[in-house]
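What follows is a pair of complexes built around chain A, which joins chain B in one and chain C in the other.
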Partner chain A sequence: MAFNLTRRRFLQSASLAAASIPLSKVVSAETGFVQSPLEPKGSLKEETATGGICEMCFWRCQLIGKKRDGRLIKLEGNPKSIDNGTSICARGNAGIKLLYDPDRLKYPLKNVGERGKPVWKRISWEEALAECSSKLKGVVDKYGPQGIAVFPHGSTAKYPMHFFERTVGTHNVSEASFFQCRGIRDTAYWATIGKAPGENVDMPNSKAIMLLGSHIGENVHVSHVKSFIKGLQNGSKLIVVDPRYSAAAAKSDVWVKIKPGTDTAFLLAIMNYLVKTEKYNVDFIDEWADGFDEFAEGIADWTFERAAKECNIPVEQIKEVADILAENAPNVSIHPGRHVSWYGNDFQRQRSLACLTALLGAYYVEGGWVPGIKPKVGKVSWAKHDHGNEHNLNYNEDEELRHPFTPPGTPTELIRDAALTGKPYPIKGCVIWGQNPIQTIPGQEKMKDVLRQMDFVMCVDVMPTDATMWADILLPEASYLERFDLVKTGTQWDFSEKHQQYITARMPLVEPMFERKDNVFITNAIAKGMGHEEEIPVKTVEEMVEKNLAVAGLSIAQLKKEDGIHLRDGKDPYGIPEDFEVLLYNEDIEDAGFPGVPTYMPVEPPPAGFARLLYGRVPVHTFNRTQNNAWLNFAMPENPVWINDETANKLGLKDGDTVGLVNSEGFKSHTTTTVKVTPGIRKDSVYMAHGYGSANPLLSVAVNAGVDDTSLMTKIAIDPETGAHGMRNNFVKLIKDGKVLDIPA
Partner chain B sequence: MTSTTTLRIATLYRFCAQSLQYPDTNWLNADYLQGLYSLLESLGADDELEQVQTAFETDPDILETLQIEHTRLFINGVPHVVAPPYGSVYVDKSLQGLHTEKTLNFYAECGYSLKHGSDLPDHIIHQLEFLSLLAENNDAEHESEFLQTIFLPWFSKFGARVKQETHHPFYSVIVQLIDYLTKEEDEHGIQLDEA
Partner chain C sequence: MQYGMIIDLERCVGCHACTIACKAEWEVPVEYGRNWVRRLGPSIVQGEMASTYYPGLCNHCTEPPCVEECPADYEEQTFTNPKTGETITLEVAATWKDPFDGTVQIDKSRCLGCGACADVCPYSARYINPDLVDDMSEDGKADKCTLCKPRVDAGSLPACVQTCITNARIFGDLDDPKSEVAKYIKKGAKGIEPVDGELGPNIKYYGCKKDVDLLFGTSTPELVDVGPIRRRAMLAALGSGAKKSLRNVGLLGIAGAFLASAASDGDASDK
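Moving on, here comes the complex of A and B:
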């Protein structure tokens, strides 16, 4: 600046006097300060806060926080926890970097630019909430409640989701955890044993464990990993079925290097063998199962030879697996899997897993599938109403379900298609809450088109994401370390130990910074603005937690007194409940036009020159949720693409080479990553971790780091029974130095 | 320095702090502009004065323009936030790092704490307000120590980013004013290190 005076001279000059008179009229007498007693150096107060529940992933380990003058400096497992104990994983530890991430959302923002290319303006909560309510109400008035679509994810999204679903009355709610992750598992087990299975396998007390669809060790969930390791320590035999030598495969007795998409054939052959040789648990099946004859007949053609050919594995290996399972039955953990939305033939595979567990008699026995007996707590939310099925996209013109075994909500693809065609009705308002539908749902361009055609898009999140760029109003939510929300219950993870139950509630370890607010505050304000004030079930999130705790005779104050966790005696979880029933053959499935007996449906093989794109997890990230975390990014900044060593050799690729990817529909990744050359993957597949390569430049750490595998999922595959997405049906080639490399057969 | 002078300096710090608040008609009014213009005039900053004046006089919605620019610079902007206004982001590459703690300690040692619900302790507005309180108290020693150990080490980076990347002369002028007000001079009154 061309100031003519030096600072010193100016400050002592008459000019300052002249200038400062009008200035003193302007400046506020108020500052952010108050006077306080003089403190000697280094006298900041240290304290421990209890009652934290981690949400760097959704396993919900219990935490304590070490604080210095209100600043969280370290997170640890709550020593009182009978779940994770004092352990937390790398992501759990890195929670403070999320809390204090400079890129986090801080204030309500309005997009005054284009949707997808935002120009943000900070606005007040009042204005933001008024705008959200009036715009969403406008959509409801013009198009009906079904004009709103909701994409929720995570514990805080339940309350707003219930508001839109139950009170406003839209069916168009699609949770990523159901339609792009584990929903198929839950509905397949529902159709077989009448229950969602969770990951309730008693691994510590098992004699054999089979993982097909689970990445334990890469998918780190502390108590689950502990139970897995304890099982191995106790001598349990481990079978891992995976096209890739995963972290779990590295600990296995048998690694089945299966051809992707053929798992059901493998399972059918094992079951057929158990049936034919009468190695199944006859007593269990007689007493608890229905439809054995139809089942036996339906799978009768699945010889080892046929499966071996289909799955591209040795006959002997299938037999070996079958014998291990039979020899160790009933104390066998057939893991129900997690993130099982693979090929669009997944319901039948998950049914097979449930049926195999039954043939082994491995329900409610030591080492088998055993749900712990949890204490009862409340579930306060918006009151349920029947909104009929007229606008339920999952019903066709004849009022039949399109996908009869769908998880709760509406299959995402039905919502997107309706939004894009306007048929059977327009969908013009969108609420995205804690979900990143650009990176969770295959068909990114389609998702962008869906958002483009909306009249209004509201996003609520903790961090910017690829989806938040599409918001008209973007609201900052308090993170899991800054808010109350759920009440969590459970038991000790090893059922051979003293039976105990715990009840805990998520409590803030620090106050929310900036203007971040919780889900109840935001939802209630919108509900009020949309004319639903009368139906608001709780005024604050604390009130919700109190009411839920009260059912168990507890309160927040009591939990605080008990260091955040209430423990009580538990119950023996073994022993089959009287009403338990396994449907090996399910007539309802058949009536709905699908195979009532687990059936293998082949998937398209990779075209010549392409490999199938598989994806999975890494221990230090929870997909895209943690990509911007400075510590975790340091631990794993990109997602190397695994390629078979012989294939790499033929292509002249070395470990660490930089490559891009192009899929069979010609879509190129917008970023590159490195190559990991390994014998631990089949030649017909490549593999990478999911959730990298964010496109939002507001994520200053994560942007363009690695390759976004979802961007390469341009082929939409839908599981017919459930309507969930299959996400491993895309085929890719690698690009090095601008040259596209054909993958040799 | 006389106490009148230090009071005036206090006013200047406070004015700079004020100028970095989120733009709002409560303070961004005719009086404010009058103050800014006369300050620039006294400093002989004719070009800057003209730029700011033109920007204010020709923009039909100056408030929204500045709100968008403030959001882009300090809160959330595409492709990235230009200059988060927190010292710790520059010193520790995080919010609430050790720098924040040091800042808070400094306040406490001088007998100040932040009101409940205030922004983070190392926000530039708080740091400038604190400097104004020290100047008001004629506490040159702490003022200088705070400048040297807490404020200047990060402000140089913050100010440079704003100056380089802002789309609006207003913020460029304000960071230059802050720079001018806080920059060390050698004994001949020459500013070291032109910003």
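Moving on, here comes the complex of A and C:
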């Protein structure tokens, strides 16, 4: 009788934590033996649970779950969805591997060792919550509410974030999605068209699409990729501006192999050409834009020749791109991008994209930037209060904004500097909720120092991360498959289809296991412990969802009846709203001491012997969050470093060679990865996927897999207008067999 | 009727939704895959920069070498036409080509786990699944893509097709000229034949010339030398006789100590 190791292990442990073994192997209650059907049953005839909303990334695809014996065995797209339909991506499909990941946080834990080198002791929720409340209250009593810093992320952290921001009253809240990702984009478009752009480009109905550094395909959000591919299938021309031949570049008509950091110069030359040759949309600009003359004058020096030199690309190619855009205007999708915190000159680049869209007349028209008209739902949370700006780190002594175009919250670097210097005031309490500031924010050592000097650090997460190693109290949160939280709304992604709106809410597909709790439970308990019981807006997260749905005349019961998604007729999304205005020249920006017309600010070139470190995404991971997922790890276990083939040849590097990296400040990667030799990247840059190389040994799959690119981001670059981090300003060499290799020029 | 699949490389973004959906649907062990996605390039193909993907799976060949090499004893098996309900009884080994829908299937209860089929497949589309162990095969059983036959027979789509985020995977009857897949073949979709082989793969690829050139230039396999594989398979088949009779005895009465064995037989009777 041969039992293999898996079965032995399963019999020995026979616990929920061992759930990573095939589900068809059910332990017989009488014998304890494991049956192993040779043909797995598949999910087709299993019980269906509706109302799931994915959170393997933040696009929020709508799910159904297939359940057998109370366990979730497969996730699929909700067939009723007009967003992702029956499709979900690799991460979405791998959601059950997160749900049943044996490494997941299960119980409240107290660190009885050092921060950063934790020794965990299991404690009760009562003890954990009492300690969090009293320690955080202690910080507030001693240092004021501004003594607390909050690093939240995602829909699950909105409620606790609002508690600390609105009720407790700290300004020191810094979301990675704003200060290390898309905040620059949002505020640049705010300063140009008065709205955050999202990724609202009508690609399916476009005649041309331009992606600048955006690699759709490697960056996967299901309905967004659907709309991109539909556009290409409909014959839209694709221009991809990227130092690397990305998945998107592989489908392009024109690949602009631009020198990193020079994108704004490229855009200015195109816009100057459109203006000078009157190929811009004169009617649109006359009707909707302000400051055209200042704008035209401000960019007048940007000839193709000047940009070609700056961007290290052919003159003819810039003209080709400009002509494609002009010929296909206004049905052109100028993509606003996502994760655009690159060089510390990003606000001006994002402004340029917004202005280029205007010159092409591509707002609210077929194929252009079209936000769609969503249904209204409620936004129940903690009541808003004005806490003044006395302790707002973004205001200087003269009560002027340091970074006037900051996204909501406080720039991360201002919080870190205050914490480290104690000036203008100490920051001694820290709440990290679903964010991993060790691997999202440049300056890892600085972040560690910030956490070291805290009196108290509390972390809430689903999985251990490199950040949870720094907690004093670590609380296990219910995952997106086990809890209620947000209400999600939207429209059909292809505006040529029947206009529809949808409303859906995240509902649990299974009960939370072990002692995992949701965000409202945890926040309310802490609020009570800190003396804010009176202000608690909802008793449970379910109640919050009900209240938010009620605004739209819906309820959880009704949604359940409608297979998790409520559909209703939508509205024609095309046509410019009357109050729309484009500020090509923005006086407020100029008054704040920055260029009011989009302006190119050069970045430091790589020093001799170094290449610029670029990073991006792979379709199977959401940065670091999914690294421990066994299925996704198997799909892409490490992040090979892309290096130009001629450069590799000179260095004697072959495809698959193992290398480490060292940056220009002398920081070495603590792990290694392999080399990908390709002509598809410039010689002055290397590239790798972001978020690998976790250092937390509790991540049995992810630990030390690949290289942590954030650990190599030690040069702090700050975008002056927004205070967001530039994350592509670091320079590296490769290390092979202990030898540091100089990158040839 | 011949079920097959088109993979439209112009739509594929290499996202792996297909490979993971398959893993969930069929409980494929973490370190194996019934299908795969390989990134090809970026490299220079005839003077042009190109990069695409090789989303691969069992080709459900018209002339499958795996079927020919299976050393298990032939047994009678009855097949049903999913469309008409018509049946036919044939003698087949532990793996066969379905006479109605043209898919290649495996009877796991009869598979010896000798690995001949896996070794002979030029596409490496089969693997020995270590989770599937019984007294006949201690290392596991041959496993691979079934084109989601149970789902398709019930009127659903293969799991990889259902989840594909760009509709790059198109499933259907290649013999039906009105089908979407047949239209793609008219447009030039091609299967990857091994060097000097004529297996008639029924998974076909469509895309722009440079992408197809890159795929075929880097992913065309060679036929496998069957000599040593066949000898090994024969030895395995000889050894299996004794094991098989032991298994039958177990079924008759000595089941007490052999519960796992009984369980696997119970499963086989589901067929």
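Basically, the second predicted complex is superposed on the first by the 698 of 745 C-alpha atoms of A that agree within 3 Å, B and C clash if a C-alpha of one lies under 4 Å from a C-alpha of the other, contacts with A are read in each partner's own complex, and residues count from 1 in each chain.
FYI, a residue touches a chain if its C-beta (ideal position, glycine included) is under 8 Å from a C-beta of that chain, and two chains touch if they have at least 3 such contacts.
Note that the structure is predicted; figures quoted are calculated from it, not measured.
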Which of chain B and chain C A:103 touches, first, second, both or neither
first
A:745 in the overlay: touching chain B, chain C, both, or neither? Say first, second, both or neither.
neither
Using the superposition on chain A described above, determine whether A:216 touches chain B (first), chain C (second), both, or neither.
second
Just chain B (first), just chain C (second), both, or neither: which does A:38 touch?
both
Counting only touches as set out at the top, which of chain B and chain C does A:464 meet: first, second, both, neither?
first
After lining up the shared chain so the two structures overlap, which partner does A:74 touch, if you call chain B first and chain C second: first, second, both or neither?
second
Check whether A:118 is in contact with chain B, with chain C, with both or with neither, and answer first, second, both or neither.
first
Taking the superposition as given, does A:383 touch the first partner, chain B, the second, chain C, both, or neither?
neither
Where on chain A do the contacts from chain B and from chain C line up?
1-4, 6, 20, 22-25, 28, 31, 33-40, 42-44, 630
Enumerate the contact residues on chain A facing chain B in the complex.
1-12, 15-20, 22-28, 31-44, 68-69, 71-72, 97, 99-107, 109, 112, 117-122, 464, 469, 513-514, 630, 697-698, 700
Which residues, counting only chain C, touch chain A once they are in their complex?
10-11, 13-17, 19-21, 23-27, 29-31, 37, 41-44, 49-52, 108-109, 130-135, 138, 140-141, 148, 150-151, 154, 156, 159, 162-167, 211, 257-261, 263-264, 266-268, 270-271
Chain C partner contacts - residues on chain A that touch it in the complex:
1-4, 6, 20-25, 28, 31, 33-40, 42-45, 73-77, 84, 86-94, 96, 216-218, 220, 222, 225-226, 229, 232-233, 245, 247, 249-251, 255, 619-620, 630-632, 634-636, 678-681
Which stretch or stretches of chain B touch chain A in the complex?
1, 4-5, 8-9, 11-12, 14-15, 17-18, 22, 27, 31-32, 34-35, 38-39, 41-48, 64, 67-68, 70-72, 75-81, 84, 86, 89, 93-97, 100-101, 104-105, 107-115, 118-120, 125-126, 129-130, 132-133, 173, 176-177, 179-181, 183, 185, 189-191, 195
